[in-house]
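Two complexes come next, and they have one chain in common, chain A, joined by chain B in the first and chain C in the second.
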Partner chain A sequence: MAVQLPYQLEQIAELTGHEDRVWNVAWNPVKRILASCSADKSVRLYTYPHTLPPSKESDGRAAFSLLNTIQTGHTRTVRSVGWSPSGTSLATASFDGGIGIWEQEPPEDDEMDVDEVTLRERIRPDDWECMSTLEGHESECKSAAYSPSGNLLATCGRDKTVWIWEGYPDSDFAVQSVLMEHSQDVKCVAWHPVEEILASASYDDTIKLYYDDPDDEWYCFQTLTGHGSTVWSTAWSPTKSYLASSSDDKTVRVWKRVEQFKWECVLVLGGHTRSIYSVSWGPGKPSEKEGNLGWIASCDGDGNILVWELEEPTEGGATSPPKHRIIAQMESAHGVCDVNSISWNTKPGYEDILATGGDDCMLRVWRVV
Partner chain B sequence: MTFSGTLRLTDLNDFITPSQACIKPVEQVDKGPDISESGGASTEIRIDSSGSYYEVSGPSTSGTNNTTAPERKLEQAQINLNDCLACSGCITSAESVLITLQSHTEVLSFLQSNTDQNSASYKVPILSIAPQSLSSLATSLSTLSASQRVITPRQILRRVQTFATQVLGFTHVFDTTFARHLALQEHVIEFQERREEDRRGDQQRQSLPMLASACPGWICYAEKAHPEMIPFIAKTKSPQQVMGTLAKNWIGQRLGKLPHEVYHVSVMPCYDKKLEASRQDFYNEVYSTRDVDCVITTGELELLMQEKNWDLSRPVAGELDLHIGTRPAQKVSGDITLPELVQHPGTSSGSYLQSIVSHLKETSTKPLTVSVKTIRNADFEEYILREEGPDGRVGEGEIVFKGAKCYGFRNLQNVVRKVGRERGVRVGTGAAGRLAGKAAVRRSAKKNAVEGDERLYDYVEVMACPGGCVNGGGQLRPPRDNVTVGNQAGATVTGGDRDEEGYQRSWEESGVMDVVGTEGGGMLNPKWGDREWTKKVEEMYWQDVDGSSEPTCRTSSWTSASRPQAMITTTTRSRAFPGQPNGVDGVSGADRRSLTEGLQRSLLEDADSLVTRVLDEVALGGAMEPGTKDSASLRRQLFRTQYRAVESDTVGIAIQW
Partner chain C sequence: QPAGRKSDFSGESLWIDEKVETHDDTDEVEPIDAEEIYGLIRTIYDPEHPNTLEELRIVSLPQINVNKNHVRIEFTPTIPHCGASTQLGLSIRVRLLRSLPARFKVDIYVKPGSHVSEHALNKQLNDKERVAAALENQALLSSVEQTLRAFSGRV
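Presenting the complex of A and B:
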């Protein structure tokens, strides 16, 4: 490495078990669970201890243990998984065109005497059962994401549509909108962390942003253009005003909110050598420093992982780019294989933990040290 | 005037998008040994004046032997409508094929070759036009009219009749409301049959809820994506196809013509009507003819008039006359005239739900009251019929009927989910059946326990377009200066002004334009212009009910309450004339209304007695199958159809991203 980077990525776990490529990894926002999905049509759930092993000497596999395997019943690849904000529901999006909603039985009454936080974070070994299936996409589903309130679920797929489903009690869902704005395959949907604003990324090289207008109709209020090829993935900043997107054009773009319903590209991050399949934006190390925007992690088809640190610009106008630098890098993270998914753990105290999934059928967990 | 007559497939924003290229394989027929020249692989394709393709050997490499180079006529790859219907790959892509097979140019070229009435191949050309198309034309014309006058659908019908007979050479021009009258009658009969089946507890038959069958977009979608819904869909033909049956069988018979000696064109608000007309069920194999030979959209009719330099804004003689009088175009033969513009109260998409509600009210031994509940918006409303409660209290008695109208793809999804769940049929072709494990079963059991004997739907009027048929994909779009779309900057549009199918697309006009983002303005719905426009067409649709062919100020007409609200309040009185008091007809309003009320009543009576006559004549004419004795089975034979699930070919194709 030509430049000495301030941090390194240390692998703390290497999780085998999937029989085909791993497409997506997702940290449960409340419970200590990591979920993964694969072309083997299964979802695997791993749990980890309160305190992760401090250094590379420890055996990573021992720290993470398999909690459950969900044989989903999807007839084709499970392309992505998405947790509800409460951490109690998991949505699966499959190439068979269906969406599955998975939950555990509610805890028995005699467990109710423990305090609420413990209850919420409690990890139970019970099976995850299919509570509902959402049918409607004509062909492969690519992504499913719960809104910040947990009441809405967005899904997208190869039929060029984005669907917004409204949840009712007992895992019942109704269609709230079918958005046909993209001209090609929609790869990914992501909700703003607080507001009910949805972003979708597509093979048509654009990102579209949607909002539910007062007439109760969802519509696209902005199309973000600039990427020169497929946009694979988007991630909102924890600080809420930025959006990152990763593309087949080998760049990550950072878009800033300049008005209530207007985002502009303020930064283009290079450094990747192949298509960037996934991007994740975490809060980074807790910092007293003002203007900390957190860490962006991205992974590509050459097996590279890059981690950037971003800070609010101290000078210039509203559209001046954030200060940024690469703080860590990992080559051949999954050997010669593609890295399909990357995700920061957002639970407090685990902000320096990253998970990746790759074509080598493996999940790997990394720490920024 | 500048209606946009260009094709707007991509504006069907609420419906199914094309998903892939056509997959029909081209058959290769072995024509014996190839004439191959050594070392001379070069050939050329030549097109002759008739458009046939020939393969000719290129400049010969083997010397001077050019004269004997053989020409070989090439087979054209043909994709017919049934290929498209059978292929689950696309729906609107199929429409682009239809544009050449069923277009206004096709109509013109047929009529040009059909001028000699004495020729053996002469066909009687009949045009039938949907009332929604008339409203669309009337709304556009009224908006563009400098005189601030409302031009009513009736006037439009008269002008189109004049155009079609004098300029194009049609011998008959009808509107489709008489056919709809028949369709509605049959629809009610079928509903009663299904209700009876359901009452007998025959669960296997999946009799209820009955789902409307007039929308070909919905039918196509159900056959492809939700075959489990097919048993619930009414088998009654749509008004277009009833009209087709009338034209080819009854009218033809009266004119002394066989079915294939009639050429029947229909004007529809909807592209998918073209698909409907080409269904196998509506093809007469004995005479090799379709009940509807060609379907053109409202926009294509407008284009036709433009090409023939016909000015639709010019009045024609007697166009304000409420009575049909002696207008030859509406005449079938002899003394028989089809009732014109028969109004069926209810919705502008055909009043299917309302006809059932009205029937139940009329035939009930106890007084019934209707209550309406909006589920999400005006496109999804529930109608509940109750008996009177104890002491005659309204709204507390037993529910005898629960129906809904449900328009638009989004609402349609929810109805499919709801019906599937309520009736315990597997929803979807994909994972649902396999995935729904014990949790789902437990949930539905719990749900039933909680909700008890909640009334399930008896009937749903399903339409694929939001706003229903007045907002069909084939309708005229608002004139440009009338569209309220703020942003002219092209900054947010990618890929130029062509959509993915290569069609020219005006982003501003179709209302797809990003409005808020780049201007940072208020929260203006990008569809606002279209929605307002649909409202206008809706009001125009009911214009003649008001009897206000009097000149009126258009603004006062259009700012009055929108139709859906008006309809809801008409549950008690004036069944035949919902929402009439729009306050548009000024001085002579009351007189006029009683006049039109009388006219409508006599129209309905005429329609009823004509139905009887039609059935008698068709029965005598022997157009029915042997063994068809009673009129009920004759009706069934004439006015019902069937549906079949379309197997999905594409799900098995493994494409991984």
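Presenting the complex of A and C:
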């Protein structure tokens, strides 16, 4: 490494078991569970201890253990997994065109002595069952994401559409809207962390933003253009006003909210050498520093992971770029293989933990040290 | 074992023959040059003709570039409206996926100006998700297999 960076990525777990490329990894927002999905049509769930072993401890690599394997019944690749905000439901999006909704049986009532938080975070070994299968997409589904309230599920796919489903009790879902704004495959959907605003990224090189007009229905209020090729992934900032996107053009773009319904590109981050398949935006290490925008992590087809630290600009107008610097990087993160997915753990106390999934059929967990 | 690659490709690729002659030191990185890549793809059949890509001058040695672990291949469709170009590019990709060591990253393009849908073709052939989905399509996969069938007697 030519430049001395303030942090390093230390691998704390290396998880094998998938029999084909890992497409996506997702941390449960409430329970200590990491989910992954693969071209082998399965989902694997791993759990980890309250306290991850300290750095440099070699047996730290064994801290993660397999909790469940879900043989999904999807007939083709499971492309992505998305947790509900409560951490109780998991949605799978498959190339077979279907969306699966997975849950465990609710816990027995005789656990009244346990407080609510413990109950919510409790990890149970029970099987995950398919509660519902949502059919509607004409071809490959590529992404599924629950809204911040957990009431809505967004899905997208190669049929160029974005679907918004409304959830009812007993895992019943009704279609609320089918958005046909993109001219090509839709690769990824991501909800704003608080508001019911949805972003979709596409093979048509654009990102579209949607809002549910209370008087009317879902509509696209802005198309973000600027990327020179397919947009693979998008992630909202934990501070809510920014959006990051990663592209086949080898850049990550950062978009800032300048009006209630207007985002503008304020920053283009280079440094990757091949298609950037995934981007994740975490809060970073808890900081007293004012204007801390957290950490952006991204991964590419050459096996690189880059981590940037961003800060609100202290001078200039509304569209001046955030202060930014690369704070850590890892080459050949999955050996010679592509890294397809990257995700920050968002649970409090675990903000410096990253997971990646790659073409080497593995998941790897990293800590920023 | 990396996805999409068969470590023990049982087909009749040229690669397997050449590999037998190389010594067994797995730690050593075997250098691979454009000529070897050409050897792998020239015998692919055109989906619409009884000829190989070499015979139809769809691929040629100067159109192959190898830089460390990156391979860039350009091919020239027979006509600018050639409807089989996507499949042809896919056949090249599959042959290389199965034959080259995992460290190689392959980019496939049509020769600039040689096809009416040049941009769309290039994009499709280099989108790994599209390629992965296409290879899960049994009908498409068997027509790709057809173009990769054993070549008859000419080496």
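Keep this in mind: the second predicted complex is superposed on the first by the 366 of 369 C-alpha atoms of A that agree within 3 Å, B and C clash if a C-alpha of one lies under 4 Å from a C-alpha of the other, contacts with A are read in each partner's own complex, and residues count from 1 in each chain.
Methods note: a contact is a pair of C-beta atoms (placed from the backbone, for glycine too) under 8 Å apart; a residue touches a chain by one contact, two chains touch by 3 or more.
Remember, predicted model here, so these are calculated numbers, not experimental data.
After overlaying the two complexes on the shared chain, residue contacts for A:301 are found with chain C alone; chain B is out of touch. Within the superposed three-chain model, A:7 lies out of touch with both chain B and chain C [touch as defined at top].
In the overlay built on the shared chain, the residue A:229 is in contact with chain C alone; chain B does not reach it.
Using the contact criterion defined above for the overlaid structures, shared-chain residue A:77 touches chain B and also reaches chain C.
Of the two partner chains placed by superposition, chain B and chain C are both touched by A:140. Look at A:95: by the touch rule set out above, it reaches both chain B and chain C. Counted by residues of chain A touched, the larger count belongs to B, out of chain B and chain C.
When the two complexes are overlaid on their common chain A, residue A:336 makes contact with chain C while staying clear of chain B.
Using the contact criterion defined above for the overlaid structures, shared-chain residue A:361 touches chain C, although it does not reach chain B. By the touch criterion defined above, A:39 lies against chain B and chain C together after alignment on the C-alpha atoms of chain A.
In the three-chain superposition model, chain A touches both chain B and chain C at residues 39, 76-77, 95, 140, 142, 158, 187. Every residue of chain A that touches chain B in the complex is listed here, in rising order: 39, 72-77, 94-98, 100, 103, 129-133, 135-136, 138-140, 142, 158-161, 170-178, 180-181, 183-184, 187, 204-206, 209, 211, 213-217, 219-223, 225, 259-262. Here chain A touches chain C in the complex through residues 20-21, 39, 76-77, 79, 95, 140, 142, 158, 185, 187, 203, 229-230, 248, 274-275, 301-302, 335-338, 359-361, going by the rule given at the top.
Taken in their complex, chain C has these residues touching chain A: 1-4, 69, 102-103, 105, 123, 126-130, 132-133, 136.
Across the complex, chain A is touched by residues 13-14, 16-17, 19, 225, 376-377, 409-411, 413-414, 417, 427-432, 434-440, 443, 446-447, 492-495, 499-500, 512, 514-518, 520, 523, 525-527, 650-651, 654-657 of chain B.
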